[in-house]
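Structures are listed in the sections that come next.
In the two complexes that follow, subunit A is the common piece, with subunit B as its partner first and subunit C second.
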Partner chain A sequence: MDDQKKMILDYVVREYLEEDDDTEITYDTELISGGIVDSFSMVSLKRFLEKKYNISIPDADASPEAFDTVNSISALVDRFKKA
Partner chain B sequence: MRVSSSEPDADAGRRRSGDGGPAVPIHGLGVDLCRVDRLARALAAENSEFITTVFRPAEIARSRRSPRPAGWLAACFAAKEAVIKSLAGAEGRGAFWQDIEIEDRGRGQTIAVLHGRLAAIADQLGVRSIGVACAHDRDYATACAIASGPCGLPPEVGTS
Partner chain C sequence: MAFSTTIRESYRQELNGLRAAGLYKEERFILGNQGADIEVEFPAGAAGRKVINFCANNYLGLSSHPDVVAAAREGLASHGYGMSSVRFICGTQDIHRRLEDRLTAFLGTEDTILFPSCMDANAGVFEACLGADDVMIADRLVHASIVDGMRLCKAMNDTYKHSDMNHLEEKLKEHQDKRIRLIITDGVFSMDGDIAKLDEIVALAEKYDALVFVDDSHASGFIGKTGRGTHEHCGVFGKIDIITTTLGKGLGGASGGCVSGRKEIVEMCRQKARPYLFSNTVAPMIVAGALKVLDLVFTNTERRDTLEWNTKYWRQGLAEAGFDLKQGDSPIVPVMLYNAKLAQDMARDLFAEGIYVVGFFFPVVPQGAARIRTQLSAAHTRAHLDKGLAAFRKVGAKHGILGKGKKEITEMFGK
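On to the complex of A and B.
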């Protein structure tokens, strides 16, 4: 579980933070409401998760709330890994 | 649902601004801004999943007729986001990229066509029409959308 969260967190930091941005991101950091991940970035984040974990996340479940923190993203992944 | 701020309006006289007629009930207003270079990078990517995930085939085909495909798609993306924001109550119910189709009718007329789940949600919310306007230059694209209720703009000027 922590490996999964670390994988997601590392992806967010690598893909969505500028190189000189030293914002600290934790598992509870608000990514969407905090302006780190926008709707444009959500598309690539969703595709990353689907490929990485071989799951399909329906559009109806791809809400901003579900993508707002590493914890909530990891919980979303878990839901569809079990489905 | 097919709506446009520019479509013929049978009730235009009744709702003319400043004529003392009934106010148009606004359900919500949405605005969005998108950098054109983000779309340019997505277009340049081989087998771009971003493009096919977000845009409908007709939108992709329309962009290919534009001298600036990335600018057109950036405006289209901004319009989709603005439409979702205008549907206050729909935000938070998931992703709707493919449920919104932006049609360029030429001469500045832009049409938003709702499909599937989002069309049903708009009906539930009592939204009968959404006016959309877009613009883009070399660097940025922007769009705004106004959703109005049953006493606002005409119920529909087409179906999907």
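On to the complex of A and C.
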């Protein structure tokens, strides 16, 4: 479980932060409403999750709200892993 | 359904929310024509105030140039006021085709198609030439109109960190299974004023078999030794597959945009781009004015040379005064203030000093990256620049930020 969150967090840092950006990101950091990830760039995260966990997240479920924190993203992944 | 009180009330609440968040935009009325010296009525109803304009995209100072105005007037007389038709029905005149040919020669491409605006060019081009087997890989800071255009297109989309060539390379590798890979970037980035690394982008495109798209709206007419744009500046003239640009900034400032590039891609736009097919043609007098603009920039680099000199002088003046500037080689010079309220307060104080600039903050720029974006023009004289610099020094001193960088300013004012 925490492995999954860590995996997602690592991806977010690698994919979205500039080299010199020292913003600290936790499982609760608001990624989209906090302006770290914009909704335009969010698609690569969705694709990463789909590939990594072999799931398919319908566009309707890939809302900015569902992608706003590592916690909520991880919950979303769990939901589709079961489905 | 009637426009009920409930519906009206819900709009009002949303608008009030924008006001409360400091995101409400107010228009300022310019009394007279566009230029370096303007008179502005703000707030509405206030007496006009004479100010020096440092926030127009009037890079070459051609917005009110007498030769351009005269050419537009002649065009009005010879070709009428409007065409009352989209291009492909009965909206194409000899001068529309001539302007497209001139743009092709100027931009160093194979063919060009005019659009009502560059917003429309960007909204239409991707959908017209890419499909579900393709991928668009865009710099994260591309203009909003490109983001909209990408959303309208069925191709997969992806992004790379701003000007990060390693990240772009990763993405190109990741998408080798696609039919077409299109790298998408602005030539000059409108909020930061930095120039895309087109030489490296073109090299990566060659290595990974990709096409290159550049929006050169903030470059056409003045970036590069003869003002052809970012591709000239970066030594890759003739190597860009798709260029979009506007006639609404440096190139006269009226309106109109284009897609210029590979012949077949332009042809696809003529067949399929919706803003081209379903919106009225660019007015004849604007086409006539734009032809004159191209004559001026083709034959003479004096204006872009003046702009380059002005930009250097302005940058140097602000840097010596102790402002924290975004680095870049374009006439967009952002003064970094980080805090949204500070940016608004300084813009207001500068206006009181006769300098017209605007503060930008989230969501137009990232959170904690508020700034005043200054823009230079060939119409600025040395006196304009000196007056502007004096006002910046005075207002910067008042807010105690001269000589301070990101860390100190953020500590003083918050993010």
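One rule holds for everything that comes next: the second predicted complex is superposed on the first by the 83 of 83 C-alpha atoms of A that agree within 3 Å, B and C clash if a C-alpha of one lies under 4 Å from a C-alpha of the other, contacts with A are read in each partner's own complex, and residues count from 1 in each chain.
Keep this in mind: a contact is a pair of C-beta atoms (placed from the backbone, for glycine too) under 8 Å apart; a residue touches a chain by one contact, two chains touch by 3 or more.
This one's a predicted model, so the numbers in the text were calculated from it and none came from an experiment.
Q: Once chain A of both complexes is superposed, is A:64 in touch with subunit B (first), subunit C (second), both, or neither?
A: first
Q: In the superposed arrangement, does A:75 touch subunit B (first), subunit C (second), both or neither?
A: So A:75 meets neither subunit B nor subunit C here.
Q: Look at A:35 in the shared chain and tell me whether it touches subunit B only, subunit C only, both, or neither; answer first, second, both or neither.
A: Touch status of A:35: second partner only.
Q: First (subunit B), second (subunit C), both or neither: which does A:18 touch?
A: In the superposition, A:18 touches subunit C alone.
Q: Is A:46 contacted by the first partner subunit B, the second partner subunit C, both or neither?
A: first
Q: Looking only at subunit A, is it subunit B or subunit C that touches more of its residues?
A: B
Q: Both subunit B and subunit C touch subunit A; at which residues?
A: Touching subunit B in the first complex and subunit C in the second, residues 40, 43-44, 47 of subunit A appear in both lists.
Q: In the complex of these two chains, what residues of subunit B are touching subunit A?
A: 34, 38, 49-50, 53-54, 77, 81, 91-99, 117
Q: Any idea which subunit A residues touch subunit C in the complex?
A: 16, 18, 34-35, 38, 40-41, 43-44, 47
Q: Taking the complex as given, what residues does subunit C use to touch subunit A?
A: So the residues of subunit C in touch with subunit A come to 140, 147, 150, 156-159, 161-162, 164, 362-363, 366-368.
Q: For the complex, give me every residue of subunit A touching subunit B.
A: For this pair, the touching residues of subunit A are 39-40, 42-44, 46-47, 58-65.
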